[in-house]
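The two complexes that follow have chain A in common; it is paired with chain B in the first and with chain C in the second.
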Partner chain A sequence: MNFTLDSCIAVLILTVSLTYLIHITMTVVPNTQHHYDDSLIILGRLLRYYDIQAAIYTNNSESVDVIMYSTISHLHSYYLVVIDPEKETVVLICGTPTLSSYLVSITIPGWNGTLNPRTLCFRVGVGG
Partner chain B sequence: MEYSLDAIVSFLIFVSMLMVVFIIMTSLVTVLATKLALSPYHSPAFPTSLRVVKVREGYLIDSPSRCLVTCVIIKPEGTYQMYHGITPIRIPAKPSDWIVAFTYTSVIVKVGAIIHGRLIVSKYGVVKSNPLKPYVVVEGSSYQVIPNLEGVSKSIQMSKSVYFIHNGTIVLGVRG
Partner chain C sequence: MNYSIIALTMSLILLIIAISLQENSFEEFYIWPMEADKGILDTITTNTATYLSRTGTSNNVEIFLLRNLEIAEKYNYGFRVLKYSIVNATLYSSCEKAIVNMTVMYDMLWGRYCATVFLVIEVVNITEFRDPLTGDTYYKIIITCLMERGVPRSIIGIGSVEVSYSHNNIWILTCPKSLKTVMLEDWRGIRVELKIGGD
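What follows is the complex of A and B.
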């Protein structure tokens, strides 16, 4: 009888754990899709203005921060990494590190008439 | 021994069924949560929220987080001044002046005295042709923010994104 009780409890624990795992998996998958659309919309809108390019090419993270928060809701955060694709180095990192996955990326060719490409990896979402 | 074996088998069957029930319940909860998340937008709004506060000498443009803002002060005679800065920003405007404050995706208006004629106020000042949205059309004592967000929820109900483009402007969807 003791053996039966032990096995029952063990299987119950297993059941709850498996159920929780399935639940987490099913709730996380749709959320990751949302961020791509939102991030592309925000980044696409910002790149229509000169200000964000000026902030990126002058490595002004303070400026990037206020520009981002003048575009997104104050309930959301963002994460932006600027990469120099020619030197393969990270130039600038701004925002909340918890949003550092599932980034969308766009390469801009240059600024002020110069060929100086920068790859922007960006995500907007709820975090931090 | 037979009793134990029977008990184990019955418990296994019971627990297996319990697991199936749990999975079905979890799926149902997920489906319901997804349906709730995709319920119609009850109040589509501009993503950033600005407010104009009267202070001792002029007005203060404030927002929940520090953001870059452009303010256009329009005098009753039709001239205008522009201020560019990070919120909270204090601007020397009089109660009779119109104040139009812009971010990249939002706009707020403080109404002033009656203006003769029709002015199109954008992030870059008073312009003649329709500029990048959002912008404001001031006429007399009334104004119109372009784009108008009224009735937006009907056209964007199927959108899964939090942000979406409506009539050339980014709109924040709030589901309820």
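What follows is the complex of A and C.
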């Protein structure tokens, strides 16, 4: 093959593959900063101590605030939206609104011997 | 060596790096953690224990538990219970002790989990006293409480029963002597019944 044509094809192949790699890296790296799993793990652990359920089912946002800040680092903030999935209405909103994107969610089927599901959409992060 | 072949080899390596980056990030996003499962299962078991303690019968407990699991599986994309079995669903009430115990074994995708919820109230001492102004007689009952994670956060009395925390897991109940049973509820909503006045 002609030397010039060969090198041109090589440059073209490398350019395309490098562009693809950069594109993938740019789409992946910013998202990994949102710590989806951390939020889900913290929410799961919170549920095991029952205080958050008691606060949610009594619509006590002040109590939610105290429970959250006693669990997470003082350098972090949180955002919690409680939704009634059957009526599709928002029941409670607490925390820092700057963290209101990329929420993880867990639905609990009921509390106090009832079947009254609540979806907890939650995120913890640096956003105060 | 031909430049095109070298470039193709290098692009293949870059492609592998890009795919593994994408795959790893995908996994990181959509792993449903064990903690989330445990949180939901503990909530379901507590809810069922509350139902058991309030209805006073274990007839419909399994149906209630099943309904809880169905709702949880419907709304949580990563939550799946393969099998479950109720190990213990006990209600016991006497003048000395009151117990609610709900133990369920769940088989999950990651292994087996045993969720236990109980509340035990034990009477230490009962004394009577008379209000000198009204002449009414009251019981002063000293109790201790235990749950699966130590001491309950709070206990309230249902009806004309007053509860106060003394010290070191010693709780004091005050109620009129006319009462035959004392109903107590912990902060999770689990109720226990103490029989007083002899049985």
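Throughout what follows, the second predicted complex is superposed on the first by the 94 of 128 C-alpha atoms of A that agree within 3 Å, B and C clash if a C-alpha of one lies under 4 Å from a C-alpha of the other, contacts with A are read in each partner's own complex, and residues count from 1 in each chain.
Please note the rule applied: contacts are C-beta pairs under 8 Å (C-beta built on N, C-alpha and C of every residue); 3 or more make two chains touch, one makes a residue touch a chain.
The structure displayed is predicted, hence computed values, not measured ones.
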Partner chain(s) touched by A:Asp65 [first = chain B, second = chain C, both, neither]: first
Which superposed partner A:Val11 touches (first chain B, second chain C, both, neither): both
Which of chain B and chain C A:Leu46 touches, first, second, both or neither: both
Which of chain B and chain C A:Pro117 touches, first, second, both or neither: second
Partner chain(s) touched by A:Pro85 [first = chain B, second = chain C, both, neither]: second
Partner chain(s) touched by A:Ser73 [first = chain B, second = chain C, both, neither]: first
Touched partner set for A:Ile108, first chain B, second chain C, both or neither: second
Chain C-contacting residues of chain A that also contact chain B: 1, 7, 11, 16, 18, 37, 41, 45-46, 48-49, 51
Touching residues on chain C, where the partner in the complex is chain A: 2-4, 6-8, 10-11, 14-15, 17-18, 21-22, 24-25, 28-29, 31-40, 42-44, 46-47, 50-51, 53-55, 64, 67-69, 71-72, 74-76, 149, 153, 187-189
Residues of chain B that touch chain A when the two form their complex: 3-4, 7-8, 11-12, 15, 18-19, 22-23, 26-27, 29-30, 33-34, 47-49, 63-69, 86, 103-106, 132, 160-165, 170, 172
Residue ranges of chain A touching chain B (in the complex, touch as defined): 1, 3-4, 7-8, 11-12, 15-16, 18-19, 22-23, 26-27, 30, 33-34, 37-38, 41-42, 45-46, 48-49, 51, 63, 65-67, 69-74, 76, 124
Of all residues in chain A, those that touch chain C in their complex: 1, 6-7, 9-11, 13-14, 16-18, 20-21, 24-25, 28, 31-32, 36-37, 40-41, 43-51, 53-54, 85, 105-115, 117, 119
